[in-house]
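Next come two complexes built around chain A: one with chain B, the other with chain C.
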Partner chain A sequence: MQGMMIARAGELLENGTVTRVLGWQTGEFVYDITPAVFESAEELEKGFVYNSFCGNNLSKYLIQASRKEGKILVFLKPCDTYSFNQLIKEHRIVRENVYIIGIPCDGKTDGEFLKAKGVKGILGIREEGDNFVVDTLYGEKTIAREDALPERCRNCKSKKHMVYDELMGEEGEVLDSHRFDMVEKLEAMTPDERFAFWRSQLSRCIRCNACRNVCPACSCEKCVFDNPQSGIAQKAAADSFEENMFHIIRAFHVAGRCTDCGECSRVCPQNIPLHLLNRKFIKDIDTFYGEYQAGEDTESRAPLTNYTQEDVEPSIVYTRGGNN
Partner chain B sequence: MPNEVKAFKPKIVAFCCNWCSYAGADLAGTNRLNYPADVKIIRVPCSCRVNPMFILRAFQRGADGVILCGCHPGDCHYTTGNYYARRRMTLLFSMLDYLGIEKERTRVEWVSAAEGAKFAATMNDFVETVTRLGENKRLEDLRCKE
Partner chain C sequence: MLKLSLKKLDELFAAMAQSQALYIPADNGGQAQYLRWAPGMKMTAALNTVRSAKDFFFPQTEGLVNFKMTGKTIEVIDPRTEAEDFVVFGVRACDARSFSILDKVFLVDPVDTYYQNRREHGTIVTMACRQPEETCFCTSFGIDPTHPEGDAVCWMTDDALYFEAVTPKGEALKEKIASLFEESDDAAVKAQQAETKAVLDRLPLHTFTAEPLGGDVLMKVFDSPSWKSLSEACLGCGTCTFVCPTCQCYDVRDFDTGNGIQRFRCWDSCMYSDFTLMAHGNSRNSQVERFRQRFMHKLVYFPANNDGEYGCVGCGRCLAKCPISMNIVKVAKCLEGELK
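Now for the complex of A and B:
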């Protein structure tokens, strides 16, 4: 795949369709992938990588990149195209300045994730059928795809691209995922259990802001968390209230706009399951206001900028059954 | 409660829309209807002026319960503000509940300018509910407590 991508990107640079290419390059370690812009075939040849570590969603980088002169080529996995659409809907990306090549994806693993599973000294990775073969200092390690995929890929919502100019490989289908199972489990707990669960998660937050910074839905130029008047700008949470506040507000700000791309959970250095907050909003929106998938299209009104006269009253929260 | 030195009196913050509930509160007063003095009213231009941060801040600064009162759906002075507020608060309250924070500490009521009696009854009922729940512990900020 990587070879094909480099070749095609080279062609498009050469014939002047695009002036730059947004892709991935290796960071300090092979599994440490970082987004990068390439301007020539030589640069592509030298630095461009595409492998099973390339989980980074490139859509957000287009906010800046698409405002520069000239067209930029971007490679988007199916889940990334949802984010792209959402950003188009919010007028954050200049569509004319972007050329999208949709690429297939069978799930991306993650260096930290593999390390936690005991794989050390990672030197490279390749896919072989249903397995990842990881090249390490201690020899090759084969690990089943199932066991090497993070939550977001095990519960992938779609292998289908929502938008592209050109497609590489086969187009997939929207999937029937089990992404709300854990939310349901939490809902079935008692409030005390839920409180304890979330304390144990949110109290680990170091307020690095990575979840906010990576999020394609979080694209305000001025963020409430950077406002010195807010009392919580640029600092670690002082107590449980500030932790709760940060996480409630972060998740609420993307409610109805979060595409469930899973980037926030991926980058969190504390492994806080942020997707469980986002998915709660998604699930509630689906239940209360009808099924809605952010980024599926660029036209429809987001649930929180919309209403119907018959909407449920907030008291539904007290009257619906069970523990939730 | 014989042993208790001081009975717990909850602090309640009520965000009231200027065009309806705020006037409703006034009417309750003019009609000499009783509701607890611990209800602190904050006047807002429309129910949709209230964003989730307002609610959280109220809890941070010591509220034990927060209620939002606006015009009845269909009667918003700005036509649609309360419809948006309704969605926002529904989702926010559900999230608070999901985090294990007592859902009864938050409420939305539609109270018109003519409904002084409803205003008083609503507040009495809400204060009673929150009194039963006791002090807000799960969304408190110790630095803000005396």
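Now for the complex of A and C:
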């Protein structure tokens, strides 16, 4: 796939369809891949990569990149196309300045995830069938691909691209995932248990803002938490209340717009399962307003920005009781 | 050298914790972090903690001074409570070196008494590395992970812990725990060091050096066209700065309590948009400038002002944690490539 991508990107640069290519660049190791812009076939040959470590969702970069002169080619995985559509819906990307090639995805892992599985000193990785064979400083280790994938990929919601100008490889289907299983578990807890769960998770937050900055739904020009004029600018959580509220406020703010791409949990240096907050909102929206997937299209009105007579009343909070 | 069977490790922790707080690297939610030891707590199998050990001396938030207003009088209150004595056990060589770097910032005139206070109360017990990760490059900064700095140094083999006191603080700790140990020669330690050194030679970054940067080439590096592409994907988050053991920048903020002010400081990040925001405006308005500052500070400015000592200890945390996998090694290599 990587070779095909490089060849096609080279052609599109050559024939003037695009002036730049947004993709992924190799690093020092096999897994430390960086999103990068390529401007020539030589640059592509030298550093362009597409493998099981290209987890970064490139859609958010297009907010800036599509405002520059000339057209940019971007490679989007199925997951990333939902974010792209949502950003189009919010008028954040200039569509005519982007040429999208949809590419297949079998799930993406990362170095940190493999290390959490007990792999130390990663020197190289090769994919053999359903396994990753990892060459390490301390010998070879084999991990089943299934075990090496993070939660967001094990519960992949779709292998189908929601938008593209051309497609590479086979198009997939929207999948039946088990992505709400953990949310259901949390709902089944008592309020005290649930509070304890979230405190144990959120107490690790260091307010690095990686979750916010990577999030395609967090596209404000200036976040209230960065704005000294807002009165609530906050560089560090001073207490547990602030620690909780930053993430809860963020989840509220992206509710109905979050496509569940899972980047927040991928980038969290403290391994906090932030996507669960968003999934709770997605699940509730599905329940109260009918099935809705943000980023599926660019035109429809989202449940939370629309009004129908069937909408639930605010009293739903009381009718559901305190345990949901 | 003192030797202790690992079966007695819990007894050792209990003895250390008897007269002061003891912190060890332990697992919490799948992540290693320093936790206050309590009976039953086990050391992590991870090489190092996600957050560095700088937190003990330079916590993320810290009260500086409180002002309380009653009518027309303002009372100035020092919120500090005398720090308790504490031991940090299991600090790696990279983090141990970071303390001497932080000392160069906080303990020079004017001395930061908040930092100094904690520093004086803390005893550092370091742990030699056995299984470095591919992200490790402490040797590039003259650090020996098989023989770390510290008030006392430990080596852990499959069945025993070896202990050596280095400073008066280390000696004081040794007196409290010596009865648990037996005297031993250093044969096992020497063997382990040789084994680890063989691994160090095989680390992918073992030839990395930041030496070509700095000195006469400062302005050339500063003006390099590569900063733009290097920083292009940077999210402007604070992950690298917050997991870094040597990043020492902070902001001072006031919290309005309604009848007074709580003035506190908190970690700040040069990657943040309002880091250099002042009354006149902002001197670094783009992510390129912010990004450049972080690496220039560590690789060029800091050594220029501190007898060649770099503001990096090669712990590899930023390599492991950056959401876009851009880091100090890639930056230095790229810039050095241009100078050739």
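Rule of thumb we're sticking to: the second predicted complex is superposed on the first by the 306 of 324 C-alpha atoms of A that agree within 3 Å, B and C clash if a C-alpha of one lies under 4 Å from a C-alpha of the other, contacts with A are read in each partner's own complex, and residues count from 1 in each chain.
By our rule, a contact is a pair of C-beta atoms (placed from the backbone, for glycine too) under 8 Å apart; a residue touches a chain by one contact, two chains touch by 3 or more.
Only a predicted model underlies this, so the values are computations on that prediction, with no experimental measurement involved.
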Contacts of A:Phe252 with chain B and chain C, given as first, second, both or neither: first
Contacts of A:Ala144 with chain B and chain C, given as first, second, both or neither: neither
Partner chain in contact with A:Lys120 - chain B first, chain C second, else both or neither: second
Touched partner set for A:Asp311, first chain B, second chain C, both or neither: first
Contacts of A:Lys280 with chain B and chain C, given as first, second, both or neither: first
Partner chain in contact with A:Ala7 - chain B first, chain C second, else both or neither: neither
Partner chain in contact with A:Ala238 - chain B first, chain C second, else both or neither: both
Partner chain(s) touched by A:Asp226 [first = chain B, second = chain C, both, neither]: second
Touched partner set for A:Pro191, first chain B, second chain C, both or neither: first
Common interface residues of chain A - those touching chain B in one complex and chain C in the other: 238
List of chain B residues in touch with chain A within their complex: 52-53, 56, 59-60, 73-74, 80, 83-84, 86-104, 106-108, 138-143
Residues of chain A that touch chain B when the two form their complex: 186-187, 191-198, 224, 238-239, 241-242, 244-245, 248-249, 251-252, 255, 277, 280-281, 284-285, 288-289, 303-309, 311-318, 324
Complex contacts: residues of chain A adjacent to chain C: 27-29, 31-37, 56, 61, 111-112, 115-116, 120-123, 136-138, 200-201, 204, 206-210, 212-214, 222, 226, 228, 233, 235-238, 266-267, 269-272
Touching residues (chain side chain C, partner chain A) in the complex: 28-31, 33, 47, 50-51, 60-61, 131-135, 199, 202-205, 229, 232-233, 235-239, 241-243, 251, 253, 255, 264, 266-269, 272-274, 277, 319-321, 323-327, 329-330, 333
